[in-house]
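What follows is subunit A paired twice: with subunit B in the first complex and subunit C in the second.
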Partner chain A sequence: MAEMFFTKEHEWVKVKEGIGAIGISDHAAHELGDITFVELPKIGKTVKQFEVLAAIESVKAASDIFSPLSGTVVKINQALEDAPEIVNESAEDAGWMVWIEITDESELKNLMTQEQYSDYLKTL
Partner chain B sequence: MDEQTKATALNSRHRDLKALMAPFGGWDMPIQYEGIIAEHAWCRQKAALFDICHMGEFIFQGDFEAGGLEDVFSFSVKTIPLGRSRYGFLLNEQGGIIDDLIVFRLAEDKVMVVVNAATADNDFTVINSRLRGGSFTNITDRTGKLDLQGPLAREVMLAAFGEKMASIPYFKFITVQILGVEAIVSRTGYTGELGYEIFLPVDKVCQLWDLLLQDQRVKPAGLGARDVLRLEVGYSLYGSDIDETTTPLEAGLEAFVNFDKNFVGKQALLSQKEQGIRRKKVAFQVSSRRSPRHHYEICFAGETVGSVTSGVFSPMLGCGIGIGFVKPELTVIGTPFTIRHERVGMEAVVCELPFYSGGSLRS
Partner chain C sequence: MQLIYEQSVAGRRGVRLPVSDVPAATALPDNLLRREPAALAEVSELDLVRHFTNLSRRNYSLDTNFYPLGSCTMKYNAKALENAAGLFSSFHPMTALLPGGAEFCQGSLGLLYDLGQMLADITGMDEVTTQPLAGAHGEMTGILLIAAYHAAKGNKAKKKYVVVPDSSHGTNPASAAIAGYEVITVPTAPYGDMDIELFKKAMNDEVAAVMMTCPNTLGLFNPHIQEISDIAHGHDALMYYDGANLNAIMGKVKPGDVGFDVIHVNLHKTFGTPHGGGGPGAGPVGVKKALIPFLPQPRIVMDDDGQFLLEDHNPGSIGRTANFFGNFGVMAKAYAYIIMLGREGLIRVSEQAVLNANYIKERLKAYYDLPYDTTCMHECVFSAGKQLEHGVHAIDIAKFLIDKGYHPPTVYFPLIVKEAIMIEPTETESKATLDAFIEVMIEAALAAQTNPQQLLDAPLTTPVGRLDETKAAREQNVCCIG
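For the complex of A and B:
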């Protein structure tokens, strides 16, 4: 089971063998309401930690998705282009957005563990 | 919820249903229950129930001409047949829209004026100042209003209240006994679907809400779904698409202005007609699922040419739709726009209204 880490902006990353799967948390998906559009990056795009990686729109709002780690995009979840509602149904699993090849795993120290994120949500 | 915000009689019902609540027009209103998309779909396919108690209602009784009412609105009141209603505007001297509203002809000498929530108090003051006689009363606080909208709405009303609901034509209403009180049931709405607006004493509105929701074909819908529904059929939202700086000519709503009679703002509109309008409402469809939103810029050939006044993702069309204002020459069908806001950009093309015309409205 890959370990899962979170940002304060409610992105998650699951890390396994140098690859990070990235999405938004169940909490974020719920807050956004019905998701109507996901803009995914091109494969090969490089991002730094906390830079804009993707964009998401719901009936209520448009938001940027920030990359939890630095890396290069190696895979995108194309199913979201026609069915962005998958993010509402399964934000932390089938609703993943991007896989990146991680540049520097030491950046994980800037992220929250699942437990820390749960505590963080209680403070909001 | 601050102290200025008013609650409708159904507030605790919405909270029991775990609705997401937000202030709208000075009222604490349900934005959504299970979700905007699901509620929108329910209204297009079945029947959705909306709490619209926040809207304002006034009664005028007296001689329409001697009392001055005939000149108050952009349309004639005295020619509305009994049992019918008419949509139009309350204008200022410059022809700007103080509110859009509907007048119901209740009796030979009596009408009900139904106005938007945020503008209700000002509307009452303005109308009252233009009257020379008759009695004019604000009945908002004692009037409840529910909208039942959707292709199954007639069957639901038949099941609940019997045969008298069977044949109310579009923009006609009946006065009937419901739950032991007198109610107005009108074939009007804001969704593009077959539907009813029901006005009754506010102390009966919870009972009516509960009764209609007992029908399995009915689900509650919030103002979020209502906004998507109305924009798909191209209806204007007061405060976003039209306001005191916008005239009916600019907003493409000249059909609701009667130049054969007197009304406040007529001279301004006539001179605007003569000189030509400088900006005009335009509808556009986005090439993706992105949503244009209020205040996004409309760009043409690299220049900002206007701004978006309403925009949503349309579930019926599967793309973003919006309306805004630009120079009249840029409203030609097929004109390509780019809609911009900060990092967001989307391609769009000018299209006809309504965006969606498959509704059950007139069935």
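For the complex of A and C:
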């Protein structure tokens, strides 16, 4: 299984063969409460690291999703359009949002490992 | 309660028209005729009156109960203001715009001109446009004015960013983004104001504007505001004042005196006009002298003889932002509000609003977490953190309050406070009203410890119980009946 990296804004990315799968952490999904809408980018959109990639609405708030890495969107999780609750049920697996073709894998150094992220959550 | 359609009985009528004894007009073309009769409810006049009267009794309003909705300043709308607006109701809005028409509506134009002058005086600005139709529309207008200012200096391409604190109203970054700017968000420091060091780092010569709400959405007045203005001006960035919380500082601080260049005022928050049900709003925008050339047109100006004229040949103007001069009825109410209270009255409004909020804050802070424990302005922000330990969220406390006959405070805003409960009592409430509300809030806090299920089940006394907000948001099914 590919290793996961996390941002301080609670996004994750799993990297495999130049492609990064992106979603939000279980912690973030829990904090947001029931998610009611996920606004996904168009395929072909390019983003820089930590730029806005998507948006998510819950019963509590609307939030931006920031891209953990720079890249170009190659696939989006269409299932979320009709069933955003998948993000609540499985934020770090079936609730993935976007695949990007990664521009620069060295940007991973700006992200946290699973262990570092767990420690980070304890400080919040 | 039945829908009016469910009360319908075929053939029943409220009014029976006599048989027409005049010849029918020329028939409409066939393609314009309805194929089937309209599916209207068939009820008697009394059925109809009872239905809507009973519905109206389920309304909750300031005229019936306390309404402590934070950040929205649900202020009492004095009945005299309705009368003031009514005085102008027979006037045709086109009059002033017809050639030579201004001559026939000097009173109306004078009211708008004087209101602009009074708002300029209160906010420390040089001129005000009354055109914008709501607070967010005012923000958009204000940011367009700022963009026009930079463009006129040849800096259109250079100025790319707008800086906002993370405690801001969501409309601030939205207005900046729609005007084409990228938004830089500055975090809030532990003391509850924008982190001044991070702000300094965020600033550079490419910043077009800094948008601030002061006091901010935590109800705190930023003591560094002058320093922030000076830093912004050092980069030729303009200071934008979101007037949502102006109710806290009227007559005490003029935003223009501490470096703000552009301001929008929500007349329905500060000047006693109604919050429409999405209905008519007003978000007049004030500016400093340097931005007057860009104001929307037509501008109302006064000539040497004291006559009000319309000036509409200013090439730098961003153009019209609304039909006519904005929502005139709202202006008439705000004008009457300011005249009725006068300078001393407006100062008392702010003092009383701040006193009331601090009273609630002090009496409730033993029962609810207070993330920023300091003197607040016109509103205070608690967190339901303590109650969360018993499985009770802010939303459950809100629902419990409904059961007790209160409109809940704002919950889950500002976003930077977990389980936020934001209370804004406003100036018109008596100590007895505040005490009664405080007792219910204490009851909710105690119930969270002893009987949390009572909160989770609330409300039980309303026509409908706890609504499934998630289902409503996920499975939207909006349709017309009939």
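Before moving on, here are some points about what is shown:
The rule is simple: the second predicted complex is superposed on the first by the 124 of 124 C-alpha atoms of A that agree within 3 Å, B and C clash if a C-alpha of one lies under 4 Å from a C-alpha of the other, contacts with A are read in each partner's own complex, and residues count from 1 in each chain.
Criterion: a residue touches a chain if its C-beta (ideal position, glycine included) is under 8 Å from a C-beta of that chain, and two chains touch if they have at least 3 such contacts.
Everything quoted here is computed from the prediction, not taken from an experiment.
With the two structures aligned on subunit A, subunit B clashes with subunit C. Within the superposed three-chain model, A:34 lies in touch with subunit B and with subunit C [touch as defined at top].
After overlaying the two complexes on the shared chain, residue contacts for A:2 are found with neither subunit B nor subunit C. Contacts of A:55 after superposition: subunit B is touched, whereas subunit C is not reached. Legend: residue contacts after superposition of the two complexes on their common chain; A:79 is shown touching neither subunit B nor subunit C. Contacts of A:43 after superposition on the shared chain: neither subunit B nor subunit C is touched.
Once the two structures sit on top of each other via chain A, subunit B runs into subunit C at 76-84, and not at any other stretch of 40-48, 76-84 or 184-192. Across the two superposed structures, the residue set of subunit A contacted by subunit B and also by subunit C is 34, 36-37, 57, 59-60, 62, 84-85. Across the complex, subunit B is touched by residues 33-34, 36-37, 39, 52, 55, 57, 59-60, 62, 64, 84-85 of subunit A. Taken in their complex, subunit B has these residues touching subunit A: 20, 32, 35-38, 224, 228, 288-291, 293, 312-313, 320, 341, 343-344. Those residues of subunit A lying in contact with subunit C across their complex are 34, 36-37, 57, 59-62, 84-85.
By the touch criterion given at the top, residues 170, 412, 415, 469-470, 473-474 of subunit C touch subunit A in their complex.
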